[in-house]
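Listed after this line are the structures, all set down as structure tokens.
Next, two complexes with chain A in common: one pairs it with chain B, the other with chain C.
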Partner chain A sequence: MKVVSSVISIHSSDTAGVCSSLYELGGLTVVHDASGCNSTYATHDEPRWYDRGSRTCISGLTETDMILGNDERFIDSVVDGAKEFPGCRFIAVCGSPMPMMVGTDFDALGAEIEKRTHIDVLALHTNGIKSYLDGVNQALCAFAEKFCCENLPKNPRKVNILGATPLDFSINGQVESIREFLTENGFEINSCWSMGSSFEELTRAGEAGVNLLISSSAKKLALYFEERFGIPYVAGVPIGKVFGKKCVNALKAAAESGSSSLLCLSERRVGTQAAVIGETLWSSSLCCALQLERGIDAHVLNPLEKEFAFIKEGELDVIGENAVAEAFAKVSAVYADPLYKPIVPEGTVFVPVPHEAFSGRCFRRDMRSLCGQNFEKGI
Partner chain B sequence: MLKLAFYGKGGIGKSTTVSNIALAFAEKGMKVVQIGCDPKADSTSLLLRGGKVTPVLELIRKGGVFQLSDISAVGDKGVICVESGGPAPGVGCAGRGIIAALETLEKMGAFKEWQPDVVLYDVLGDVVCGGFSMPMRNGCADWVYILTSGENMAIHAAANIAMAVGNFGRRGYAKLGGFILNKRNVKNELAKVEELASDFDSSITGVLEWSSLVQDSEERKECLLSAFPESPEADSYRRLAEAVLENNCRK
Partner chain C sequence: MENLTVPISKAAFPQPFPGGLEFNAPARGMWNIVHTGMLLPEAHQIFICARGCLRGVILTAAEMNAMDRMSWVGIEERDFYDNSMEENVIEGVTEILHKLPKKPPVVLVFISCVQLFAGMDFPECIRELSRRFPGIFFVDCYMNPTMRKSGLTPDQLMRRQLFLPLQETAQLEMNAVNLLGSDFAADRNCELFLWLEKNRIICREITRCTSYESYLDMGKSFLNMTWIPQAAPAAEALENRLGQKHLHLPICYSEREIGENYAALAQALDLPVPDFSEERSKAQKALDEAFSVIGTTPVVIDYTATPRVLSLARRLLETGFNVERIFADVFIPGDKEDFEFLKKNFPELQITPTLHVKMRFANEKKTSSKVLAVGQKAAFFTNTPNFVDLVWGRGFYGHHGVAAVAGLLREAWQTPKDIKKVISHKGWGCESCL
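Let's turn to the complex of A and B:
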């Protein structure tokens, strides 16, 4: 029972990651799952649900469909859904635990849907068990592979922001403040994956001279762009004035040299005073800001999949509540989502940094942008 | 790389036939991988002379990191042997187990590492659920071969499998390569299986006569091609392997 969590929350699932990353791109996204699961997504994982339209659906999977392998009903539903959606740019289909258990072949279903609708299909291999990082990585890479244009003229001042979803940055101006910060420092935003950019803007990602990776949810996308278009990336959220400036310099250097930089790791040491837990690229960047501007030596705890993590040697993967509590007991301060607070030992300083993918809408109004000089007032 | 999946009713002689075909390919200098897709994990036991390879799912169950060398063993004539394994009888989901095992091989880059010329999937029994169709999916086998005798139950199972292959055709899955008649000396055996093949616009790729040498070699825990390489029965397996290769070129 080592990995059981009886007090703390869990992170949003891979299906939420898919829906969130494709939300603004004009497609039809269908999760093959029982009806009811959509309310978890709409209520807790998608702050845009009530303000901004999107075609994000659940297939309404039934027990009989699963037992009988009734794939045709799913295909028919998606095809009908696409017909009701004029101008549908693409269809994304992905799975939940039950399709995973019976081995539903989404590649094959996607091919059939594509044949019947003549609309591009992204077949994604989610199972509802992995975290949102996996879903976002899959969806953005699939989108880029299918739609990004080749042979575009490169502009070294243009930057793509990779890894912007409400699951990490909510809708309270954090992404906008990163955009403004980059613009103020002489960059032109080429595209933002995937908040506030259109389908067409994303297809022209190849024009950028450099990518700013702001979440491990787009780690695979950054590597993909590096390989396909030769665009280097800088991994770091520009938190605080000092680390923000370092991000700007690293972006300029990367655009010039063509070499990527794991800035959020290289600009800090592993400290023992405090622990930061959450999505690791953001947490790593916060550690940099804490060391550079406050003199606080902190380290990162990774509660998510190891394959996406941005952590340094000596930093821990903490899977399950016991491991997290043990790690908290060793430090004098914890920077974490408020839902971690009940397992922080008495006497340990707790600094709340809400994370939508962990606590949903609960603490949205308390979230602050920490970009650039906002750090001083924000935390 | 040629990838073939072998299906047929339980007990029809799939593992024996597939192992002997594997050796026939290896004799031609081809690098062969045989993957047993059965919780019993006994597809490759003759190639390993009664030895065992640790099934993929056994290592998945234990957790932790493992390498390709932990889930494979080299059998007779260099054939690389892998077993998917599965849950204990009566629990879990054997079909899902096959999916998990094959996905694990893909994630570990098994075929990139081994660079085989031929991959043989020896699949348990009938296509009773999604998991058992995994070896015929896009990216796994190119061709499905169905073993049958002239016994009614074997023909019934073979027809079901052929129907599944046909249904999956539009999904880009493996195509039906043909039927393999493993004789049980039933009355009108050849005619019955020819009729079956014709019903599915297919043909009989090879005929294996009933022979006690097959049992004799199994008692010696060897494939017939290893135990009695000069026998006419061994030549039957070699001809079958040749016919499969010709089929691949022709189709």
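Let's turn to the complex of A and C:
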């Protein structure tokens, strides 16, 4: 099926997800792509680029390299480049469409680079076609597998926040407000994957008694931690006072019982009045808040990969503009990024909720934290 | 930054630095193919690419409030093995055109590296689309940065394809010329345009066309002037196709070269060589006045400021300015003479790359002394609020252009700017939603 759009935008790619999730962790991230292609990420996906020195580079891939299978140039560039970053904690390498076409073996390249630099390498399998959800999931899981410590003492009050990247939460205080909210409610932040926490803090994720999963971009990480360290997770962004309180209670219960909770799904019904489109865990949490505090019955539309989605039975995957427009035509209100507005039918109430992974920096100034009581004023 | 720098006396031409991992400075004033494509009045752009490639072009359009002129078809992994590449282009574009509220007269259809690499039959796609929509002119366009070292660069290709819809006319207008390749409308206060006007010669520019119809009139002019080498392939193609003569009159800052350009143009127009001695004096006077204010303050210039960065540096150095550094990764053949001159006469002039990974650390060093930067990247790397927001020459030309740049130097020295705010604006001169 073709994915076609006449007027709406597109979500960030998997390579952007990799770069964004590893940005603050002290490693060197290299995207195997053409010169200039990092401009897209640096301009539209990465609000930290100007003020917070980047360690994200592009390899300057050429057609000739691809035809001749010149992997050596890539390896040499990364090995030489790593020398420019003293204290580099790791090197992450990932690909774009051209390497995918020729079947570039990033595991082999990673092994070679690791051998030559003696720096840990995360070899990731992106292709610039999948969404950022895939990239973030891959990068965070690879990081956790490589660096998280074993046999740490557990503390039930400690919580890891999973899925924080500017692609979903920008850099306007949304993640900080979630941290504060949890702290105010008796939790200690053990680590935040991956904004505002150090490499070392992330390696000690195993100390947490519970994980708060705030984006489907870390769904696989939550499952990984559950399996490896036995840490249960609660899926939900604490939007609004009522749903926020439920998140707190669910976290406490999960820490005690060891059982995970899909709170953003279990605390709501599938409504027909309104539709919320975007990253599904956040959208699902917004639906909860709308139902619990405003009496608005809403449902979630999933515009991204099914495998990461947090949607209930009866809710739709809407891939492509036609599917989205058809879904919008069935409701009286739409909560969506402003770049969806051109396909919202006339007469339908449109509530803008800007999402960096869709509209980049276009509406960053209008983004609001909806955590806890911020919900009242924020939307 | 210092250990990445070489004095021009030891720099290799045209590429002073070896390739490697690349950094991307957050200076967004330079135009990309979307900005350039939007110059074509009433055109609609459709990109058929992978998500990662689409993201940049779509948000370029979004930021310039032009999403109503931008559509896309996504590439999926299965497209590479299910033999559907051509079909996706044809059916995707067809679906989009049926959805548009009004059919555009011209559609720019862009494909990317992967389709070219896979050998997709793009000409057949264009032929089929032309059969389906006889009232629309389809232009094959390319976003292929992996191929920037084989054949025409994506920038050159875009500038060439931009003029593909121009059609042959029975009789070329001998009193009309075109200016091709400038992203910005030329400053019409320049002596060139006043002289053309005085001689009743019309000068057409795509930047001043308000409709597709007026753009098509460019096909009637007998001569195409180009100011930047990136536009030369466009003019060469038009010379072959429409018989329009091509004259490359590069943007430059030396009195001699400006004079040579005007002499060449006068000959092509069969006119006497104009006497621009007054304008020449005015330009030098403006430079001298700027120098009297700026004095020996270090000046740094980057390659995004003007297509002829070494020519500008040379003129400033010859006037007495303390040009310390050029930020550039590669030079163009047209820079060779200035390069050799500077190498001999100003051997300590520093050349610093912009793409090298280590440049990521360059702006972290705060300098206490005042620096005057020319260009957005130079401003970023030296972290100076005193900078000339000059992007790709900004439509300035000739002696008048030199005087205009002198005025901007003085203004920048006296009035600091908000670096982040100014250089974050994507596509200098374009509308922005930020």
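We take it that the second predicted complex is superposed on the first by the 377 of 379 C-alpha atoms of A that agree within 3 Å, B and C clash if a C-alpha of one lies under 4 Å from a C-alpha of the other, contacts with A are read in each partner's own complex, and residues count from 1 in each chain.
Heads up, the rule we're going with is that contacts are C-beta pairs under 8 Å (C-beta built on N, C-alpha and C of every residue); 3 or more make two chains touch, one makes a residue touch a chain.
Quantities reported herein were computed from a predicted structural model and do not represent experimental measurements.
Q: I'd like to know which partner A:128 touches here: chain B for first, chain C for second, both or neither.
A: A:128: touches chain C, not chain B.
Q: Just checking: does A:42 make contact with chain B only, chain C only, both, or neither of them? Give me first, second, both or neither.
A: A:42: touches chain C, not chain B.
Q: Per the contact definition in the header, classify A:69: touching chain B only (first), chain C only (second), both, or neither.
A: So A:69 only meets chain B here.
Q: So, does A:210 touch the first partner chain B, the second partner chain C, both, or neither?
A: Neither partner.
Q: Compare chain B and chain C by how many residues of chain A each one touches, and report the one with more.
A: Counting residues of chain A touched by each partner, the higher count goes to C.
Q: Identify the partner contact of A:353: answer first if only chain B is touched, second if only chain C is, both if each is, neither if none is.
A: After superposing on A, A:353 lies clear of both chain B and chain C.
Q: What is the contact status of A:91 with respect to chain B (first) and chain C (second): first, second, both, or neither?
A: neither
Q: Taking the superposition on A as described, I'd like to know which of chain B and chain C A:59 touches: first, second, both or neither.
A: In the superposition, A:59 touches chain C alone.
Q: Looking at the overlay, does A:108 come into contact with chain B only (first), chain C only (second), both, or neither?
A: The first partner, chain B, only.
Q: Report for A:78: first if it touches chain B alone, second if chain C alone, otherwise both or neither.
A: In the superposed model, A:78 contacts chain C only, not chain B.
Q: So which positions on chain A get touched by both chain B and chain C?
A: 101
Q: Show me the residue ranges of chain C that touch chain A in the complex, using the header's touch definition.
A: Interface residues on the chain C side: 19-24, 26, 28, 50-56, 58-59, 62-63, 67-68, 70-77, 80, 88, 91-92, 95-96, 99-100, 112-114, 117-118, 144-150, 355, 357-358, 360-361, 364, 420, 424, 426, 433-434.
Q: Could you list, by residue number, the parts of chain A that touch chain B in their complex?
A: Chain A reaches chain B through residues 69, 101-105, 107-108, 111-112.
Q: Give every residue of chain A touching chain C within the complex, in rising order.
A: 2-16, 30, 33-40, 42-45, 49-51, 53-55, 57-64, 66, 77-78, 80-81, 84-85, 96-98, 100-101, 127-131, 339, 342, 359-363
Q: Would you pull the chain B residues touching chain A in the complex into a rising list?
A: 93, 95-96, 99, 129-131, 133-134, 137-138, 168, 170-173
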